[in-house]
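Sharing a structure, written as structure tokens. Questions coming.
Order of writing sets the labels: A, B, C and D. Residues in every chain begin at 1.
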Amino acid sequence: MSSQLFNKHIGRRSIVLGGAAAAVAPAWMGVARAQNTPIKIGFPVPLTGAFSAEAQDQVKAAEVAVKEFNEKGGFNGRKAELLVRDDKLNPGEAATRTLELIEKDKVDFVVGSLSAATQLSINAVCRDRKIIFNSISQSDAINEAKDWSMYTFHEALNPHLTAGAVARYAFPKYGKKLVYLTADYAYGHEMVRGFQRAGQAMGTQMLADIRFPLGTSDFSAFLPRIQSLKPDVLVMCNFGRDQLNAIKQATDFGLKATTKIISPVLLFTARVAGGADVFDGVVGGTSYYWGMEDKVPAAKAFNDKFRKAYGGAVPSDYGALGYAGVRSVLQAVLDAKSTESMKVSIALRQLRYNWYKGDQFYRKCDHQSVQSVIIVESKSKGMKDKNDVFNVVHIENADEKNLRTCDELGHKVST
Amino acid sequence: MLDISPQLFALQLMTGFALGAVYALLAIGLSLIFGMLTVVNFAHGAFFMVGAFLGVYSLGLTGNFWFSLLLVPLMTGAIGLVCEKFLVRPLYGRGIDYPLLLTFGLSYVMVDVVRFTFGIEGIPSSTPESLRGAVFLGFGHFPLYRLFLILATALIVIALWLFIEKTRYGLIIRAGSRDPEICKVLGIDISRVWLLVFGIGTAIAGLSGMLASPTRAVNPEMGIPILAESFVVTVVGGMGSLPGAVLAGLLVGVVFAMTSLIAPEFAELSIFVLMALVLLWRPQGFFGKAGLMS
Amino acid sequence: MNFNVLNPADWYVWMRNHRMATALLFLLIFPYLMPYEALSINILIFGLFGVGFNLLFGYTGLLSFGHAAFFGVGSYLAGISVVHAGWPWWAAIGCGVVASALVGLLIGYLAIRSRGIYFSMVTLALAQIVYYVFYKAESWTGGENGLRGVKVETIDLLGWSIDFMDPLNKYYVIFVFVALALWFVSRVLNSPFGAVIEAIRENEKRAAACGYDVARAKLLVFVLSAGLCGLAGTLRALHLSIVPIDSLHYLQSGQAVMMCLLGGMGTFFGPFLGAAVFLYLEDVITNLTRYWMGVVGIIFMLFVLFFPKGIWGTVLHRCELWLARKEGAA
Amino acid sequence: MTAPVLLDVRQIARYYGKFRALGEVSVSFRQGELAAIIGPNGAGKSTFFNVISGGVPASSGQVLFKGKDITRIAPHEYARKGIAKSFQITNVFKHLSAHENVRVALQMQATRFQLWKSRDDYPQIKADADALLERVGLASVGRQFAGDLAHGQQRALEIAMALACKPELLLMDEPTAGMSPEETQTMVDLIRQLATERTVILVEHKMKMVMGLCNRLIVLHHGELLAEGNPDEIRSNPEVRRVYLGQH
């Protein structure tokens, strides 16, 4: 509760500041603004709606990156400032909010988004106005040529990468007869594709790909069939609450006795909300889990900053993305010695960084951040505290070959 | 394409009933309130959600499922009474639009109150020990709790039926009209009946939320999708008809389950198609009175 | 009539008799009253959505829960004509409006025969079917991800070229379409047919006894209303340069109902006021607290309880009483 | 003397499930008649009225208007054919002004789906509306909402609306129901005067009133035709006497 209020207060402060800055600096004195005004980063995330927990963490961590940058003196005197907006998980709202950020608040960059749809709508708005957008939402579409632009960057993992990594770890271990339980939308399909690619190499056998409508709250109707198919592995190609419901009900139907449940993306927050026994034994991928700090020094450093700022709380996976997304852009500003979009874009393309999870870089052709994938298994016993929910069972290191090729994404020049 | 063994079919049917049970309960509440007060209660889903939260919470405190099962409907019912008395009552005689708008606003408030008190990410819910595991039904294993869900619904429906058939309040509810004449004849203060009906409706909504909580994620938004679905059920059954609500509830549950088997991605659409077909064939639903609110 | 500049009553009477002029004047200065253009444009668009819906709901007395279908179809068809067919903006708008009117004809034809809440639910069900059709047609609509790249950078007409990327220009371009639509609605309401639909709202049986084919009249209004909502949709596609699948969702229909009731159903300008209040409050409150839903909800309830005729309806009512009193005094 | 038949009702029957509300009634009305359907409660008067005015469909039999079959035509067709009715329960457009009520009814003659012109482009209709209001004695309240008028006034307004259809045949269901004696008297005068220009058929149970008003009476009993004829014949008809005395 307290931490909630606290970060709410942060969100509010930055917003008020943003409003004030915009109020004192109307458009017609744009020239005068350049030197002394702060570097504004628009941050549209779903503060309300199904993923508000994740979104709050994104804001908290992003604030850490901003504070860090400002304490180091900013960019020749110019401090950074985060303008948080609530996209309500609604693409229309997201587009409107992004327009507000660009047209009224005159932000220099946009970082944020959580769902695939909002990510793409924010990207569309930014692209048309030549504003850099660093997406921290997990989806493949934004990397594809028809949505991509010089100003589009993708900090988060994409399902192809996570699904592939989980497949490479899990299939040899738990068996080759698979059933997919897939949320029937692009993101779900992308995850299936990821698994199938990696799986076919190992000769897995797909018994069924059951596609359910997004936002289904009761999966019981899909489960008897899955039971009757007797798969070795049930692959949950779904996300957040859909996933929580699906796993919960699969557990009720006693599926775990015969079948291993895996999922490409296992959310820290969903696990906390769902409880230990529901997720017990589920294996999945994630871009970040705070518990990897004993293996990865960068993670330790990031966790400590976060703990210091928020009274011992640990960052979630999406939180970490918020941090990295903002920090990359600010670093690029320093490298480019400018806030001008094209210059910063070029600097980002050159960037080699290790903010929180090991070495990363943006692939030239599609600006996808090439990074490691962490495989975790949810535990129900021997937990030190409420945040100790996963065991890190494997880390697949960053490797460009795990991504879809530039040509496949439709990028002609793969330099 | 895919072969469906009789066992699988039977299991699917059972899951359908379990789903339908929850729909039926919600629809009964909606139908009661509508039939009696011609109020389209947009906050019904919110009461369902509040019921679920209170259920999990009191279960956590008392550790006694059965006690909570008794407590929760009383609490949500009480909330319902307050809402009727101070919010809905002033709007009687203003047509359906205003209660509709008001309850819509009310649902917003309830959702945020829950967000504020229980947090936004929702709370873990689990099946009570005594009802865990699966039972063998001759054709396959079925979760004990969902079996219990079906039975509980049956009991609630019977209890309600008795209340409506055997009490003088029930008589008025059966008359199902806001015609004060009948009540004068019976010497009953109609406003008290409306209060009661709204209370019962919301109590049942809360109860169904509590009953559903172990089977699904408990979060502040859980009432939104189920509201649309239970409206479908209510209308298919015929607004203001309790048998209709029960029948349609089970039907929708089964249709959903069967579509999930044959064409999963259309499961959600199927119930809307069902509604469209039913209404085009019979514009007032199964047992509805024609021309309501026209 | 002799107009006394110092007499507020004269002002009021003038406004009442020239509702179009009043509305347009207000909308002309509107963007300068709002925090940012994108919001004013949204209000413009949803206001039009509300006006189109109000024609059916407020004036004919038919409560449809399926109007998102027309709003969304308008958006998508406009978007698709730009993205996939590469048509110019004006063709896109035309395509969107025609398409939504046709869908309106189909849904209306099926729905008219049911009444009251059942009418609402039939429209809802059919609209949901439309939603799924567009949801599944991923290669055309982008499915859940929505349709992207509805890029219109300049509005070219008769040698003129307006920079559509500039927010203020965008507002006034869209304003022109909204103004035309409002003018059309105003004429319809003033026409004999306008009287017929109000008669139907008041008493269907009587209207039929007077010799009016109620079903056909209803269907005609339904199609008009659908077309107007479709226009709103097309404008939104051009405004946001994307089409979210949510624009077909029943919650979008719900929003139209709420805006109408909030502003005052059956009043010419009510829906606009409703849209303005709804969206402005949401926008402002969202920036102040994470619990914006609760605050908006409370405000809603207060309006329902204390502004029975909706904001605009109540204002008009008060003014009429005040005027009557003045005249009585005079 | 014998004017042509205007409305010819042939063996119409109406059943509600098993219950026979109206059975095989045949009766014809000639142009210029002022006729009344009478009978004790439950005699089938209202059913008869509803069947001939399109309120409920006949189970069997047919209704001819000027030789054309109108048994199954749509509700709105009646007005267009020249048959107008006033309902038993008052039926006006409550939230429209009295003037607007009549105007809407009148406008039917001139235009049905005119979206583009303004209402003010039809000055004739406006004038006619005022005239009709004048005629039914509502000229003074033309600007008021129909819903705010007194009961009697609303009935009068309804008649004005019925007249607006320029009907050859005017059907009235208990035109004086629930009226004060004074209101009743004015209504009777109005009806008598209307009947000079067109055929009028009314359903009534107030014997005295119709005896003085109508030149032809049709008596229904248990859904069947008991007797018909001019007031004197009916008065002297033993059957009718028995039924009505049986009532009291």
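What we mean here is this: contacts are C-beta pairs under 8 Å (C-beta built on N, C-alpha and C of every residue); 3 or more make two chains touch, one makes a residue touch a chain.
Just so you know, these numbers come straight off a predicted model, no measurement behind them.
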item	value
Contacts common to chain A and chain D (chain labels)	C
Least step count from chain C to chain D, where 1 means the two chains touch	1
Chain whose average C-alpha position is farthest from chain A's own	D
Centroid distance [mean C-alpha coordinates] between chain C and chain B, Å	33
Length of the line joining the C-alpha centres of chain B and chain D, rounded to whole Å	48
Chain centre separation (chain A, chain B; CA means) in Å	37
Junction residues of chain D - those touching two or more other chains	none
Residues of chain A engaged with two or more neighbouring chains	52
Sites on chain B at which at least two other chains make contact	265-266, 269
Interchain contacts (touch definition) - all pairs	A-B, A-C, B-C, C-D
List of chain D residues in touch with chain C within their complex	74-80, 84-85, 87, 91-96, 100, 103-105, 107-108, 110-120, 122, 161-162, 164-165
Partner chain C, residues of chain A touching it in the complex	8, 11-12, 15, 19, 47-48, 52, 85-86, 88, 90-92, 95-96, 99-100, 103-104, 116-117, 120-121, 123-125, 128-129, 139, 141, 146-147, 185-187, 214
Residue ranges of chain B in contact with chain C within the complex	34, 40, 87, 90-91, 94, 96-98, 100-102, 104-109, 111-113, 115-116, 228, 231-232, 235, 239, 265-266, 269, 272-273, 275-276, 279-280, 283-285, 288, 290-294
Contact set on chain C toward chain B in their complex	63, 110, 113-119, 121-122, 124-126, 128-129, 132, 136, 204, 250, 254, 257-258, 261-262, 265, 291, 293-294, 296-301, 304-305, 308
Residues of chain A defined as touching chain B within the complex	1, 4, 49-50, 52-53, 56, 184, 208, 210-213, 215-218, 220-225, 227-228, 241, 244-245, 248-249, 252-254, 269, 272-275, 277-278
